[in-house]
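These notes open a run of structures that come right after.
Each of the two complexes below includes chain A, the first together with chain B, the second together with chain C.
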Partner chain A sequence: MANADSKSSLIVPGEATERCWSCGTMRAQHFCNSCGKVQPAAPVDYFMFFGFPRKLDLDTAVLEKEFYALSRRLHPDVFAQAESVERAWSLEQSSMLNDAYRTLKDPIKRTEYLLRLEGVELEEQSKQATEKARATGELKKQVVPPDLLEEVFELNMHLEELRGQKELGEDDPALLEEIGKAKLSLEEKFDALFNELKAEWKKWDAAVDSGTEEQLAQIRDQMLDVLNRRNYIRNLVRDVNEALE
Partner chain B sequence: MAYSDKVIDHYNNPRNVGSMDKASSDVGTGLVGAPECGDVMKLQIKVNPETNVIEDAKFKTFGCGSAIASSSLATEWVKGKTIDEALSIKNTEIVKELALPPVKIHCSVLAEDAIRAAIGDWKKKQEATRPAEMQIQ
Partner chain C sequence: MSSDHIVGIDLGTTNSLVAYMQGDVPAVIPGEDGLNLVPSVVALDENNQMIVGNAARKYLIETSDRAVYSIKRLMGRGMEDIQEELKLFPFRLADDLLSGEVLRIRIGERTYTPPEISALILRQLKRNAERFFGGPVTKAVITVPAYFNDAQRQATKDAGRIAGLDVLRLVNEPTAASLAYGLDRRKNGVVAVYDLGGGTFDISILKLHDGIFEVVATNGDTHLGGDDIDNLLIAIALDDIRGDLGLDVRRNGEAVQRIRKSVIEAKIALSSEPSAKLDVDLPGGKKYQREITREMFEQLIQPVVDRTIGPTKQALKDAGLKPGQVDEVVLVGGSTRIPKVRQLVQELFGRAPHTGMNPDEVVALGAAVQANILGGGSAITKEMLLLDVTPLSLGIEVAGGVTDKIILRNSTIPASATQYYTTQVDGQTSVAIHVLQGERELARDCRSLARFDLKGVPPMVAGMPRIEVRFLIDANGILHVSAREQRSGKEAEIEVQPSYGLTDEQVEHMLLESYDFAEEDFRQRQVIEARREADTILAALSKGKQSPAWQELSSEERAKTEELERALLAAKDGDDYAAIRKAIDALNAGTMHLAELMMDTAVSAALKGKAMDGAEADLPEGEGAQAGHPVAKAEFK
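Up next is the complex of A and B:
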């Protein structure tokens, strides 16, 4: 590191090496195993950052423990007297640590993150499916199942009615009851979908150890499907709450 | 982000809003949704069984301005077209006409899906009600 002292030597991801910048031995993720110096953030994903396998049924207690331990060791205050590159790297590592923790802690964010890592792009998929339907003349399979679409459409009709009545200062108890029931049904579906997702996690984790590429792909699709339905319902519940306010 | 004038025009004066009897044998109904944003779009066509020409089209969309404009435009475009002509409408044409930004392309995809779904529903009804004629063809 010839320019280790210059201010312009901020490490960019990708510049990180396999060897400790200070003593030259093989280094660990955050600190050198040999000399203990802080290292530039390696260009790894959030699972690898914590040394976890790319699995979803994560023990969040373990995650939290690791997070707090690393937070203390990487905190920029610890490096107040260190070289400027070390200060910069501790800051960089701390910031990556926070991002990684926030992402992995949340079960939905964790799943979405893994799908992105695995190259699943939701919008792309939807466009590809339309292009395929155009080319083959077959009907595109809708991501959201037809009965859920019907329910969403009906509920939106009711909500529109409710907003109209509100503007006129009218009040229709029957309509409110109808919407309340629909909301309850949606919330039940919302909870059920989370359980469905957790079941897919277990399948995924098992397949990571001993599954085929096809099995993994199938589980990815299934998880995407569950997340799509869940988002759909979440938006709808939000609309209902807004209309009821 | 600013909407284009054409989107605003369709949004303020949507064409062909409404619904038709979905049980009718000459009506095809397409109900599609975009999970990315929670939009839901219903598009219906009324087809002349002799000529296969779409004589009327209605839509009802719950969603953003671009989704409403895309479906409004879709009903305008399919009217007077034959089933086959309507099937050739591409989402990119809707994007171009409405000057949709990249983040709103999925709205046009949804409109194309809705047209296909409505035509698919109509075709299914034709096969169900006139199996004998289908065989003659």
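Up next is the complex of A and C:
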């Protein structure tokens, strides 16, 4: 993962940066402009790798097209007969290409990646992180979003009740219906949050071009808040599904 | 590059094949017996010679303790993984096996690891290809089940090395099949490959896009295939024999193998007939006979066939696709000939599967296509590129025995992840890392790949070192790990203890050992090569004799050249490659003057402005005016 403090040494894609190791002419990022040879991977972030600005409202069709085009030139299959140094660089470059594509094509991963690049600390919300926290006895920060407080409280009561009934082998259709309704409401909120995130993307992209540092910071905080709420709901839905199983 | 053939090999559980690209069309190379399929059976014959394929099959029955089949089931596995296998297959493990050691199988007096046995099969395929080309074959693409884990892939690669092959790439079987399928269909769309072979099941979903074959999801079961169906039928027969005839032949290797042969024949017949007969001669002159109807058969195998449903649904889910969004389903593997299997596929995808490809050969043909791509490609493969995925998530064990996944399954490979580690105790100089593969939450439920010791960490206060560990899965699906302590910039030393693999030294040792056995191979190959070179120079000479330059030689020179020519012809008939080489060198030297004269003719023709085409007509085929010695072996092709 590229780190944020290497900003100053970032390489502008498409422009001549260093000399080609093979023919000595100035080269572009992945290949020599002159002889076309593959170059060692430069320390760039995933956006830079594709020659994209650090913006979030990305056209995934364009991304896919670029991914295919770069794959055709960087994949190890293309270098099967090349000298070993080129084979090694192709492996490095194409693994970075795949990592970058995988991250950028997913809207959530893309947002999280950008926030990390910008120095924002994201809380690990994955299932593993939860398990890990449980196993090590660490207390995991789980701040309930204020607008959900009431709903979550009620849902947790219901879930507790359901678990109790399950142990006794009882079945309460009314309770199941309540939980089902709550789940549906959560899923709706989950989808709405994605639209909220997309709105923040547009603000961010505009601010990258003409915003102040304060504005950018504010949007970052907004996005982090949306992601946290989204993760919270996702975990909640997962708990519900587990309880219903 | 066209002179060194890169072959594609399907190293199957039941059968293996070798194929190559014949112009624009991939083709299977037949064995000496004229058959395309080489049964993956290895046996020691009466003279203690290792034999492979159809010839080895009869020993399964005659001397079953000196023959091995379905060895692929044991590749990259440890003792604890194969308890099920041992109940169902007559593998005879070495008596002195230690826990954690690579398995060794007894054949006759000696023991062999699964990669060594696979190497014997690969060597046979290599020989078949060498006989076919009349020259050495040293590079290959080998296919593996998509759902093979790191250890199974590494074991396959080791087998290739032991067989004297440079394995340019391991390709997933369903992906290879899609290459053969997509070669002559320039279609874009979504293809599912359903591959039910002798011992493994794979399902892969691919996006075909202007020659790019992008795997979007794969799933499978490396313990599911035709073997399982055979074992069900064998169990029934054994029960019958015990009940009806009062004979317990379960421990009788010969009887079991006779039954196995009979049930396989019946299974195959049942794909086209409404019923089939089992007919087995048992020890003591007794006979076992029974009829099996298609209906009974289908009922019996239902549970086996149904085990493909889960992985198929999971792959579709991972791909984010509904069955209706799949444009075509390609069937691969001999077991997809079973009507019940085809019916299930049709139900799963809501469409009739594509059955236009030979399910036994399509994987090898696809491997040949990939071999061609790696060799630089030809007109038809130039635009083709395979983007495959890792079938299983890669994780590391963290506190509490939990798996922390760092590369998720279905990530396009090559793929990488970087993790940071530090120390827990002041002055600590090594850090242990446990690498896992699998989808389960707890480390103990995942497959242990290796334990690494990061050594040589500079002694610092606990928590100070920052060790960057990079995990890279290459295009073969094999893991590489490198580490660096960031504060000192020092490369950390990594000691790999593969959980169930051979070390490099062991592979090297086996390679040397196999050379001893292969001396005869080597000699034969040398003869083939020398003869081929002799043919080239003799052909060049007979062309030279037609040129005006021949008449410019003195009659002694002509007589001497013809004497050397006769000597080479005579040597070529023998099988002493050194003698052939000597005669080639003598003829080469003896025709130096002729070569010079022919060059002069060509050059002066060029100076006179005569078209080089015309002048070249005077030169032996394949050689231009820049050739130093027209009757010498061509340096370029």
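To be clear about the criterion, the second predicted complex is superposed on the first by the 205 of 245 C-alpha atoms of A that agree within 3 Å, B and C clash if a C-alpha of one lies under 4 Å from a C-alpha of the other, contacts with A are read in each partner's own complex, and residues count from 1 in each chain.
What we mean here is this: a contact is a pair of C-beta atoms (placed from the backbone, for glycine too) under 8 Å apart; a residue touches a chain by one contact, two chains touch by 3 or more.
Values in this document were obtained by computation on a predicted structure and should not be read as measured data.
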| item | value |
| --- | --- |
| Chain B versus chain C as contact partner of A:Arg229, first or second or both or neither | first |
| Touched partner set for A:Ser71, first chain B, second chain C, both or neither | second |
| First, second, both or neither for A:Glu214, with chain B first and chain C second | neither |
| First, second, both or neither for A:Glu167, with chain B first and chain C second | neither |
| Partner chain in contact with A:Glu150 - chain B first, chain C second, else both or neither | first |
| Set intersection of chain A contacts, chain C complex versus chain B complex | 127, 134 |
| In the complex with chain A, residue positions of chain B that touch it | 31-38, 40, 42, 60, 62, 87, 90-91, 105-106, 109, 112-113, 116-117, 120 |
| Contact footprint of chain B on chain A as seen in their complex | 122-123, 126-127, 130, 133-134, 137, 139-140, 142-144, 146, 148-150, 152-153, 156-157, 160, 228-229, 231-232, 234-236, 239 |
| Chain A-touching residues of chain C, taken from the complex the two chains share | 1, 168-169, 209-210, 212, 370, 373-376, 385-387, 398-405, 411-418, 441, 472-475 |
| Complex interface listing, chain A residues touching chain C | 1, 68, 71-72, 75-78, 80-81, 91, 94-96, 98-99, 101-102, 127-128, 131-132, 134-136 |
